[in-house]
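One structure follows; several queries about it will come next.
Each chain carries a letter (A, B, C and D) given by its place in the written order, and its residues are counted from 1.
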């Protein structure tokens, strides 16, 4: 296990634990927290690709979520160990589409289709570089990119 | 202004403030927190209809979110005063569809189409009573229902 | 009721509701969330005094919490209506001491002694202006201060 | 690295990452989130000792935080890798005292003295078993305890 997860066959997988803070009084994980889990997955996917979001941000660039279509299939519980899968689908223009799943073992608990957009400091869409597009689409090819090639 | 908002022409409106806790280091509201704002809106919509979710829960019934299609249109900021609109669309079987919007003044910041399902203590779908369906669909007609008629 | 609460006899009081997001699977409010409630109280106390934290921040000044001694006395539950009391104690140098309480009716659920510090953009302590010290200590005297007198 | 951290010389250490969700618009970790990090540390400390909090809870027993004296020393930032240290101090009656620290490398960012209390299903204090007291105080001695010996 690594802190940031890893990419295998183009799928990033992050393992995480459900703590008190993630649950609500129904006994299950609070629905909005699956989006937090997915954001951890996306951040670590970018990290494993070699992209430094802190450096990006200091240069006035950031990924923002534009759309997220979420299916809440089964509840996760306190103490569960979950896997967040992040699967890049398409990257074009300023837009980056991906599919995410939260699993407990083989059991699918949550899925989302996510559209993220690269924006500049004023929130305007900013074209993804060919290197970034390539890195997202060919994550199986390996080879870490440096952040300066990605923006 | 009332703590639980109010229903006018079939639309529930709740006013809330953006605090430190709602923002992230990008300077904007963290994306998953719009779902929290919407859940506050839904809870208060049910409250204004006369539905006591604590009583429901102690009888083993609860609404859970099954699907949520979210559009993040413009960022909210610290100190903003926001309105959460909750608009019931359809209630049938165990399912309850609604549209939610988060606005800053007239400006639309976030929208979501939400499917909620009434479940029993074991998470099985549970049919909405005719009274509950009617209350949700005819919120303009007024007349508070007591919780015992709703489950 | 007002969105930002109000100051009476030197005590700021904010009314808020407990939602799903505030609870955990124990059925009670998650302990760290009392600190969120208190931060809402402090933000609205400053707001009612006439202090604009967004403007402060854009000028590189912010209040940060340095110390917080917290007593968790009784649990709050879903649907509870709570009052957050903020009582200024002492303001000197860069430091601002206050006492906060979270109540359900007359029942005390949580108390904290809080030390906040005014810092500049690099996190260095920054002396409170006499106007700000006076405003904090004489909140009963009324008379809103403009933000430019406070920094 | 293990998901639940490990105990060395009586100190439990958990490694975690700072994500978007943990920060606020000041650019730093939101103050209340250090309490979440500490709760993850305490949960995993109990887990490594062999204590199953889900099983405890289903038998009507739970640890609750009674007091927490918190010092916020330096800010953590997005992307930081942090260590949460949990150091048991004293366990007697229903009460369990511990010291927690959040570090970035060798740098101390946050410390807290925590009093937790074991309570039954009605929130009444419940005496810690000798086995649990011993386990907490002699964590270096090793030897996992089964949950049934601990309650």
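Just so we're on the same page, a residue touches a chain if its C-beta (ideal position, glycine included) is under 8 Å from a C-beta of that chain, and two chains touch if they have at least 3 such contacts.
Because the structure is a prediction, the values reported are computed rather than measured.
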| item | value |
| --- | --- |
| Comparison of A-B and A-C by number of C-beta pairs in contact, larger one | A-B |
| Relative to subunit D, chain with the most remote C-alpha centre | B |
| Separation of mean Cα positions, subunit B and subunit A [Å, integer] | 27 |
| Distance between the centres, which are taken as Cα means, of subunit C and subunit A, whole angstrom | 35 |
| Residues of subunit C engaged with two or more neighbouring chains | 20-21, 25-26, 32, 36, 39, 57, 77-78 |
| Footprint of subunit B on subunit A - complex, ascending | 25-26, 31-33, 35-36, 39, 57, 62, 64-72, 75, 123 |
| Touching residues (chain side subunit C, partner subunit B) in the complex | 1-4, 15-17, 19-21, 36, 39-40, 43-44, 52-54, 57, 77-79, 81 |
| Complex contact set, residues of subunit C against subunit A | 20-21, 23-28, 30, 32, 77-78 |
